[in-house]
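There are two complexes below, and they share chain A, which is joined by chain B in the first and by chain C in the second.
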Partner chain A sequence: MQELRELAKKLLAEGAVKVVVGYAEGRQGVRPIFAATPEDADKLIFDPRCVQNLATYLSPRRAHVAALGKLAVVVKGCDAMAAAGMIREAQRKRDDFVLIGVRCGGVLADPRASAAVTEATVAARCPGCEVREPKIVDHLLGPLPPAPPGASALDARIAELDAMTPEERFAFWTSELAKCVRCNACREICPMCFCVRCVCDKSQPQWIESSPHARGNLAWHMTRALHQAGRCVGCGECERACPVGIPLSLLNRKVARVVAERFDYVVSDDPEKPAPIGTYRLEDDQEFIR
Partner chain B sequence: MSEATAKTTEAKAGAAFEPRIAAFVCNWCTYTGADLAGTSRIQMAPNVRVVRLPCTGRIDPMFIIKAFERGADGVIVSGCHPGDCHYSAGNYHARRRFAIFREIMSFIGIDPNRITFSWVSASEGRKWGDVVDETVSRIRGLGPFAGYKNLVEKTHAGA
Partner chain C sequence: MTRQMFISESALKSLAEELVKAGTRLVGPARERNGDLVYREASDLGEIELGGDPPTRSLKEFFLPPTEVLLTYRQKQGDVEVTPAPHVFAPLVVIGARPCDAAAVAAVDKVMDWDYHDELWFGRRLATTIVSVACGGGDASCFCTAVGLAPDSAKGSDVLLVPVEGGFHAEILTEKGEALVKAHAARFTEGGKAEAAKAYRDAARGKVQANLSADPAKIRAFLEAGFDHPIWKGIALRCHGCGACAFVCPTCHCFDIVDEPDSIERGTRRRNWDTCQAAKFTLHGSGHNPRNEQNCRIRQRMMHKFAIYPARFGEILCTGCGRCIRVCPGGMDLLETLDKLGRLPAGAPAEAKRGAP
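Our next item is the complex of A and B:
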């Protein structure tokens, strides 16, 4: 932690960056902090409660953040993948920001619980993580904690859903999506949802109806899942931001697995690796096409 | 209600299920193929409404969602065979997109058999007729798309 604060102060003092975006204690647990002074830098922390994906502040959609000047961002592996995604998709250049990587042993499912990372408390997405030491970063801090214990609860839940009949799955998703109030929090928090104008905001023609009803909700969530294909870094922020608890991570992870199986592509923090959508192979499977 | 309207409504209620199918086809191959099917007087089921687009690469999966929202029981997406794309690679990109979209539909619980994907070239009028007939009979077997229609009704009831 001292290492992180010293580095932040050094970057600020040297003028390498204007602001260090990191985590600090807030009134309701850990919150993001924009540290521009040495005093602020002394508030920086990192521990398993730091669930937020701060790479979202690098999104080209956030002009008010870009106006602050060059940023350094504290990133876990999943967050680093989001920064790499923006570079891969030509939204930002690598020199536009500094990444302060932190070695990660998984974060908590409930960031308000001050607990150790155990099989019972770990966030569902963390077990099996392969980017606990991100490579794209400029600085990599801290000792490598033990790998998050257990197996992913998401994979178990996906297996359950896959075993259901289509009617049961449709009933499950329509009842989950019926809760959606179309607040767009899932989109707003997502580092990869960087379109300046989202397709779901377009009204002429209106492909996706914007009021919270069964038909528009299904259209929105299917489209969101599709647009995340081969891009979602699995940070789980959409689900955390969702005020009504729709299990969006299930959908994201399912799509990620489909992409891995069909196109042999797993999202990584290597910005040079071409994404599966936007490229193709002549020999792609087409068993579903007559 | 006039007597004539009442009769029509009665006839509709009593009639066998006729699927409504939307077909999104590319201008260069399948549309021309369908045209050939027409000029060749190939008989096929009349349930399909064709929407012509420049390329399968232009067919956004949102079109399919919209078709279902507007009451389609099934959808056909068809374009040029691999290697034949007028724009070189549009169909390859579409192939990847639809491969994923199909899996999303299936995971959500929408039967992917509601959609037919096919490659029909400009000379394959016969194949287009087969694709249409096969799709119509499959959708006839599946019945009206009750799940999605209920969703639409729920929407209207709640709005």
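Our next item is the complex of A and C:
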């Protein structure tokens, strides 16, 4: 903790950055802080309640954050993957920001929780994580905690869905997506949803109906899932932001698994590794073109 | 003077049974499969939770649904045929509404009957009887007492129930409330239990008051004078502009109207929820956006709720339900913001310092 605060103060004092985006104690649980002064830097913390993906504040869409000047961002492995994704997809340059990496042993599902990381409390995305020590970062802090315990609840749920008939699976998703009110929270919080103009906002022609009815909701969530193929960092922020509790992580992880199987590609914090969505390879399977 | 009565738990259950049997829709806070508490249609009072946490979404969707059809159209060469949607406003009784949600619909009534009388809103309002249950004081996100309401506020309710031993002290507040009592007269006993209810009400009020004591008049004075105050520069840094706050808010009522083609010749006009927190909300056809960053959009949200609406309609457009705080993935906290704004002197922007949000 002290290491993090001292580093933040140093970066601010040297003028290397204008603001350090990190985590701080809020009135109810942990939340992001934009530290611009030594006093603010003393509020920085990192512990298992730090669930938010702060790399999302690097998105070029966030004009009010960009206006602050150069940022340093505290990143866990999953957050570092998002920063790398923005570099990979030419949204930001590596020198545009400073990354303060923190070694991570998994986080809780809820930033308001106060429990220790156990099999019962760990965020579903964490077990099996392979980026607990992000490599792309400028600074890497803290000792490496034990690996997140248990197996991912997401994998178990995906196995259940895979075992369903297509009709049953469709019925499951129809009932989940029926809840969607199209607030776009899933899109707005996502670090990889950085388009200035989203396809779902286009009205001439209107590709995706904006109404929260069965057809519009299915079109939106299918499109989003496919746009995230080989790009989603699995941080689960979309699901956490969803005010109606749609299990979006299931959709994203399933798509990520298909990409891994078909294109031998897993999202990492290496921005040099080209992603399948922007790459053509002769050896890619073509059997779907008949 | 409202009429005071008593209804036992079992009598309330029977009342609900009678409503359902007569074909009236029964709505109340009930659990979804995933554990979420939401207002939904129930077939039995047993499904309804009469106390505890506020449902994740508010009651507004029963008056302003997330999407609704306004009309269908058919277009062939020069001919256009328009068919208004056949809206039917079936009788509905809400049992277990939280007082903050009942108060919200009463506040929104004002704008729905302003320059335009919204027939769909009032069609549903007239068909609905709201039986609220006084809240026990909520959680750390609740601040109804700071916006002039209370956990036992009667605003917007037709009947207010206050939990007492064995049942509820019932206050019959409106003609619709009287009609409900008349139709189920055998379920109520005269007199009420006001004494017994008082302790519950006082405890609940005290609990919420401890969360925030802000003066709405001071907040409004600041907002009216402080449009260019430096605080707005950093107010929304952690905000993602996701709009979840507005979608779960019981008083946010902005909507968008869209035409969606069903085929080349036919289509449907719908109105859908929208929010001033979305960048596209104020995007002009020219490409100019007068609220071009999230700080401006949060300011708009604050201004609308705590200055513009009170100036125009004499009411704060916030019931202190705390949903926006509970739902925010970025940790924005309206209670904290109101506390901060309430302490700022109106019209003295130079003295303010931007703290870390």
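Assorted remarks:
Everything that follows uses one rule, which is that the second predicted complex is superposed on the first by the 290 of 290 C-alpha atoms of A that agree within 3 Å, B and C clash if a C-alpha of one lies under 4 Å from a C-alpha of the other, contacts with A are read in each partner's own complex, and residues count from 1 in each chain.
The rule is simple: a residue touches a chain if its C-beta (ideal position, glycine included) is under 8 Å from a C-beta of that chain, and two chains touch if they have at least 3 such contacts.
In this text, all values refer to a predicted model and were calculated from it rather than measured experimentally.
Contacts of A:213 after superposition on the shared chain: both chain B and chain C are touched.
When the two structures are aligned on the shared chain, A:32 is found in touch with chain C, with no touch to chain B. Of the two partner chains placed around the shared chain by superposition, chain C is the only one that A:241 touches, whereas chain B remains out of contact. Once the two complexes are laid over each other on the shared chain, residue contacts for A:185 go to chain C alone; chain B is not touched.
By the touch criterion defined above, A:2 reaches neither chain B nor chain C. Residue overlap on chain A between its contacts with chain B in one complex and with chain C in the other: 211, 213, 216. Touching chain A in their complex are the following residues of chain C: 32, 34, 36, 56-57, 66-67, 140-141, 234, 236-238, 240-244, 246-248, 256, 258, 260, 270, 272-273, 275, 278-280, 292-295, 325, 327, 329-331, 333, 335-336, 356-357. Those residues of chain A that touch chain C in the shared complex are 24, 26-37, 39-40, 43, 52, 56, 61-65, 67-68, 111, 181-185, 187-189, 201, 203, 206, 209-213, 216, 237, 240-245.
Contact residues of chain A toward chain B in the complex are 161-162, 164, 166-174, 199, 207-208, 211, 213-216, 218-219, 222-223, 225-226, 229-230, 251, 254-255, 258-259, 262-263, 276-278, 280-282, 284-286, 288-290.
Remark: chain B residues 60-62, 65-66, 69, 82, 89, 92-93, 95-112, 116-119, 131, 134, 147, 151-152, 154-155, 158-159 touch chain A in the complex.
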